[in-house]
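Structures for review follow.
Next come two complexes, and both contain chain A; in the first it sits with chain B, in the second with chain C.
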Partner chain A sequence: MSVITPTRRSPRTPASRPARSTRRAGTGRLAAALLSPTFLVLGLVIGYPVVAALRLSFQVSSESIDPETGFKVTRTSFGLDNYSTVFTGENFLRPWWNTTSFALASVTLEVLIGVAMALVMHRALRGRALVRAAVLVPWAIPTAISGLLWKWIFNSEGVANDLLNSKILWSTDGFHAWASVVIADTWKTAPFIGLLVLAGLQVIPGELYEAARVDGASSWRTFWRITLPLVRPALVVAVLFRILDVLRMFDLPYLLVGPRKHSVETLSMIAFQEMSNLRFGTAAAYATVLFAYVAVVAFAFVKLFGADLIGRGTRSQR
Partner chain B sequence: MSTTARTGHGRSWVRRIGIAAIVAYCLAPFYWMVVSSLRRPADQFSNALVPSPVSFDNYAAAFDERNGFGRALFNSLLVAGTTTVITLVVAISAGYAVARLDFRGKSLVLTLVIACSMFPPITMVVPLLELFTDAGWINTYQAMIVPSMSFALPLAVWNLSAFFRQMPAELESAAQVDGCTPAQAFRKVILPLAAPGVFTTAILVFIMSWNEFLIAVSVVNERQKMTSNVIVALFTGQYKFDQPFGTQMAAGVVVTLPLVIAVLVFQRRIVDGLTAGGLK
Partner chain C sequence: MLNDQITMSSDREPEMLRDCACVGSNSKEEHVSSSQLSRAGGTRPAARGTRRVRGTMAVSVSAALFAAVLAGCSSDSSSEEPAGGPEKSADRGPITLATGKDTTGTIQDQLDRWNKDHPKEKVTLIELPESADQQRQQFVQNAQTKSDAYTVLNLDPVLVSEFAANQWIDEIPAGDFALDKMLPSVVETGKYFGKQYAVPFNTNAGLLFYRKDLLDKVGAEPPKTWQEMKDTCAKVAKLPEGKGVDCYAGQFDKYEGLTVNFSEAVTSAGGTIVDEQGKATVDTPEAKKGLQFLVDGFKDGTFPKSSITYQEEDGRRAFQAGKLLFHRQWPYQWTLANATDGSSKVAGKFGIATLPGLDGPGRSSLGGLNLAVSKYAKNKATALDFMKYFASEENARTNLEVTSSAPPYAALYDDPALQKKFPYLATLKQSLDTALSRPPVVRYGDATAAIQESASAAMNGKKSVDDALAEMQKNLSAAIDEK
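Let's turn to the complex of A and B:
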């Protein structure tokens, strides 16, 4: 990107403006210089790990006793053993299902609650500052701490059972554990979606609503025909980022329910588990598969819903 | 803003109920954390709405020597603070380049930055843990700071470029007419004016690194170097298997309170940053 060759430049810029074209070449070099530290860091903390994880995931190590010396020797070879662990056995479908169902359930709830919140906040004339501050509180609480908080709320003798007048063992395992994670995640991030949608609502010109009212449109119809189509771009981007966020979820189920619980174990958790047991090959295979899954979902989402991700980044160009 | 037309009395109290519901939704669990932390340990399982009597025993227990919680708070501050500073230094120039310079491959750069922000941290942690083990980086601060930049940097670049873009383009033109090079125009004109945006980005990055858990729990196994999020989860009660919720809630309040205060003070900026970045 730093080099703008003369052959490419000449058809674009008229020959009568050489000063501008040299400045353009200079700008390219400057841009490369300014961007290089960022790409150096990203290459180190993202580029290298992706390649290393891929390599590691094919690496199979076997231990044996050297017959001559009697010492234990570790031999590493390359093969598909780690992936066969990922795609077979009792651990095959469960983490996929947990990861995916968390994403679908939480994000659906979050969108419904978030949009409702945004509509209320948009109408609020007084107390806006109060609401805005309140809405940011769940976002600011560390997920790890909110995991512990919800574990306490969902304790067998905790306030959730007290309010519901029930005796549910929420955070043990099973559907209740799954539901408690969805509730905790929804609580934490629905207000965030609300904020993003509110930002989208605030740029809709008021004349549109007035015109709709003059035309006698009901408020329900106004919502479906004006509000929703116009906040859609903001909403689609928010939903994409939330889905990807839930797909890589780790802290919340790990602390709210715990490791090795079948009903809430996500792909991230199982990779972490393998890593803690020093089975780096299998851990890397899970991590690589999760990476591919996230990439496919992101790509499909952008294609299907036309999420204009970088449009926001280049829009107001001169 | 656009809906001032409807101000009937009937609507007004519906609106107020809606507002009250949102505030209650957002604050009730946090309130419960505060209330639970202020009970006497003996009243831990009381579900009364107000603690009586109010007691700070749980806070004393959280800061008990054997928990190492004070040290963990310092570690969190050090890791999040260093991450924020390094990230900003690296991201300011990239954000400026993306927002202001006209170069080929800009959409590719933006796509890469966005793609990096979607990256699952576990994919990075597994190979890095092996690398850090070989490099002797386990139980070091840099082992937490360097990987944290993987999520902090895309966020910062994206936010800063949004802020730089909001500034009028005439600023640099004027500076360049006055004989500044693009680099000088950036340093002497743009950067001082972008200070609020830089500050907002700093708050966001700090909060995200302060809240980080997966990296910290993976690369550190020594209590001395653990961050507060990790150590609170490891608190043990009087008996081995009973989770000391009261103490954990007290520690949770201590970890969260700085963030809640920051949110109250800087709410407008944070909302601007979040919606401009739209990342997280």
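Let's turn to the complex of A and C:
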């Protein structure tokens, strides 16, 4: 604010207050106006599709073929039929279980391997830069490409069978197909967890470790009592991201094993299948149910582990 | 590490202060906008002028986006459609040809020839993904948005029913095309409810590739029936060269190839998938014998265990490595397996025959591509003329010579010059003569899923043949009857 002389200020005092508040309101309006393009774009690309998908999920269409011309006649009405399709029949529990089991198994593996990777990368050893870069290579490869690479590895004549000295037909339905997806997913995303945990490790002050050493704590105890609690905020966010990611997994099982293989069929794959057969209502219902499921899991996770997503700091957890 | 962070943030502080300070001397409006922009972007714009420009640009861009979306919505509801089928249209002008990825690299040459003679009615090539599923996806999207981006569609024959029933493609004046010169079974794939909706561009049928060298050793002829095939395999297995050579494989992975192979097994046993009236017929004794052949093949070791994961290329690798005695495959394998650059161990050692069946020669499923006109396209008169050129016998001959794709025209198969170049032509024609199209179901996606589901369950041994077929009959009927 520029300097205003007291003589000019005192007579104007009663009037200056409304003026200032008008200006503040004006600033607020200006801010709103300037932000409006952002809100508009967000509304168009996020708000509208969500609402449209929700609306679509209640749209029940019945089709018949005109016996004269052979043309398709479609009648649409609104109802809950799409949701009853989702919640009944064999098509519900199986993908539900696949989606959940993928999330549990691969995130657990990824956390174990990712933390181990971070600890290795954190150590000041020779060639650290090389190790860090090397660890990130799988993460940098697009999922579709890594899906195809692993498809070759798990081919009936592939490297996996050669190394294991087995004759497993990985791409046929069964536990092995499920396992192949978990392996490929872990390979790809353990570095992601590793990287986030590494960032968390780097902000732990060295004095804590020095103090622990002075007190004669074993390295195992140091890990449990110092490293893990202090790295937890970073780890929890990383795990949350991974869980959200795995719950909507589509590309890896689709490419690696193939569509309609029961043991790896996830909810997103069924939604896609319905959509490509032009049953948009059912597809939207599947997608909405998945959306709700992911939201519930994320909410429960945040409540349980207190993931710090909006930057409140670590204080609130104590 | 902590130190690093502190110095970093303290580094940034003066920069931000400077930013505010230099702005402070200016008008208040400028202040808000510039500090917000610099905070959001994290960079300091060089001149204040550009900030304004950026701001207005953002507004105008979003306004344009909004307008575009509104326009999209309104055009959707008003649904302004080009009137009439192609035969009534007299509109001429530039058009497009939408086709799967041109792996042969020859389509552009054919278009160039047309474009040279028709400078005002040029055809632009639009290449779609290689996989048939993704092509369908693009075609469906184009139709759903009623876009005029694609004029002539190069469709997989199984999609003709779906596209015709949804009225995404126009009926075609059959008399304008030389359909009577084409193989009747192939022309049939372009029909829906007795009307012609598409014209065959090329075709395809399965062949039985066999190891001629090994068959000669045991003095066997190419088999006509499944039993003969198994007997020959048993004889070859006793040869020292027969070690490590499996009997037969097709495409048995759970994908479109399984639908083709299952259909062939059923039709080769004298059955059908869908009858003349369009009813599902997979609960018949013939269908049972067909599926039984596939199930027994895995049980008694006629098919290698790993062939349950085979798509075309997996089988081709096995055949070219000399690991298969018989292989059901499309004609493209002929050239590749005859390559003498070391990629194939069986070059010159194999022959081809029509597929074997239960009691006599089997019947293949049809592949290929059909040309159709999008309902929402412009310049349909040009589209028809172009299709006449593109699907002409002359063009088909060139395509056969250059890309070895099977023509729909009967006469080309009897041409001595071509027969000399492509020794499999006569056999291919025999296979095409009796070939059947895959079930022409409007909801083909559901139909093929039903077939794959039950057939693979039976072949994996998870369901008995009877149960699998009962389930398939139920699901296939449901797919045909619609909701």
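As a working rule, the second predicted complex is superposed on the first by the 261 of 318 C-alpha atoms of A that agree within 3 Å, B and C clash if a C-alpha of one lies under 4 Å from a C-alpha of the other, contacts with A are read in each partner's own complex, and residues count from 1 in each chain.
The working rule: contacts are C-beta pairs under 8 Å (C-beta built on N, C-alpha and C of every residue); 3 or more make two chains touch, one makes a residue touch a chain.
Predicted model, so just to flag it, every value in this text is computed and none were measured.
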Can A:239 be said to touch chain B (first), chain C (second), both, or neither? neither
Quick check for you: in the superposed arrangement, does A:283 touch first (chain B), second (chain C), both or neither? first
Touched partner set for A:27, first chain B, second chain C, both or neither: both
Quick one: classify A:250 as touching chain B (first), chain C (second), both or neither. first
I'd like to know which partner A:62 touches here: chain B for first, chain C for second, both or neither. second
Look at A:172 in the shared chain and tell me whether it touches chain B only, chain C only, both, or neither; answer first, second, both or neither. second
Quick check for you: in the superposed arrangement, does A:121 touch first (chain B), second (chain C), both or neither? first
Which chain makes contact with more of the residues of chain A, chain B or else chain C? B
Chain B versus chain C as contact partner of A:53, first or second or both or neither: first
What is the contact status of A:209 with respect to chain B (first) and chain C (second): first, second, both, or neither? first
Need the overlap of the two footprints on chain A, from chain B and from chain C, as residue ranges. 27, 30-31, 34, 37-38, 41, 44, 48, 155, 157, 202, 205
Contacting residues of chain C [partner chain A, same complex]: 1-2, 5, 28-29, 32-33, 36, 55, 58-59, 61-62, 65-66, 69, 133, 136-137, 140, 164-167, 192-193, 253-255, 305-306, 308-309, 314, 317, 442-443, 445-446, 449, 452-453, 456, 460, 482-483
Quick one: in the complex, what on chain B touches chain A? 1-5, 7, 15, 18-19, 21-23, 25-27, 29-30, 32-33, 36, 45, 47, 90-91, 93-94, 96-98, 101-131, 146-147, 149-150, 153-154, 157-158, 161-162, 165, 169, 182-183, 207, 210-211, 213-214, 218, 229-230, 232-233, 243, 245, 248-249, 252, 255-256, 259-260, 262-264, 267-268, 270-271, 274-275, 278-280
Sort out for me which residues of chain A touch chain C in the complex. 23, 27, 30-31, 34, 36-38, 40-41, 44, 48, 61-65, 69-72, 155-157, 167, 169-173, 202-203, 205, 258-261, 273, 276-278
Contact residues on chain A for chain B in the complex? 1-2, 4, 24, 26-28, 30-35, 37-39, 41-42, 44-46, 48-50, 52-53, 56, 113, 117, 120-125, 127, 129-153, 155, 157-159, 162, 187, 191-192, 194-196, 199, 202, 204-206, 209-210, 213, 234, 237-238, 241, 244-245, 247-248, 250-251, 255, 267-268, 271-272, 275, 280, 283-284, 286-288, 290-291, 294-295, 298, 309-310, 312-314, 316-318
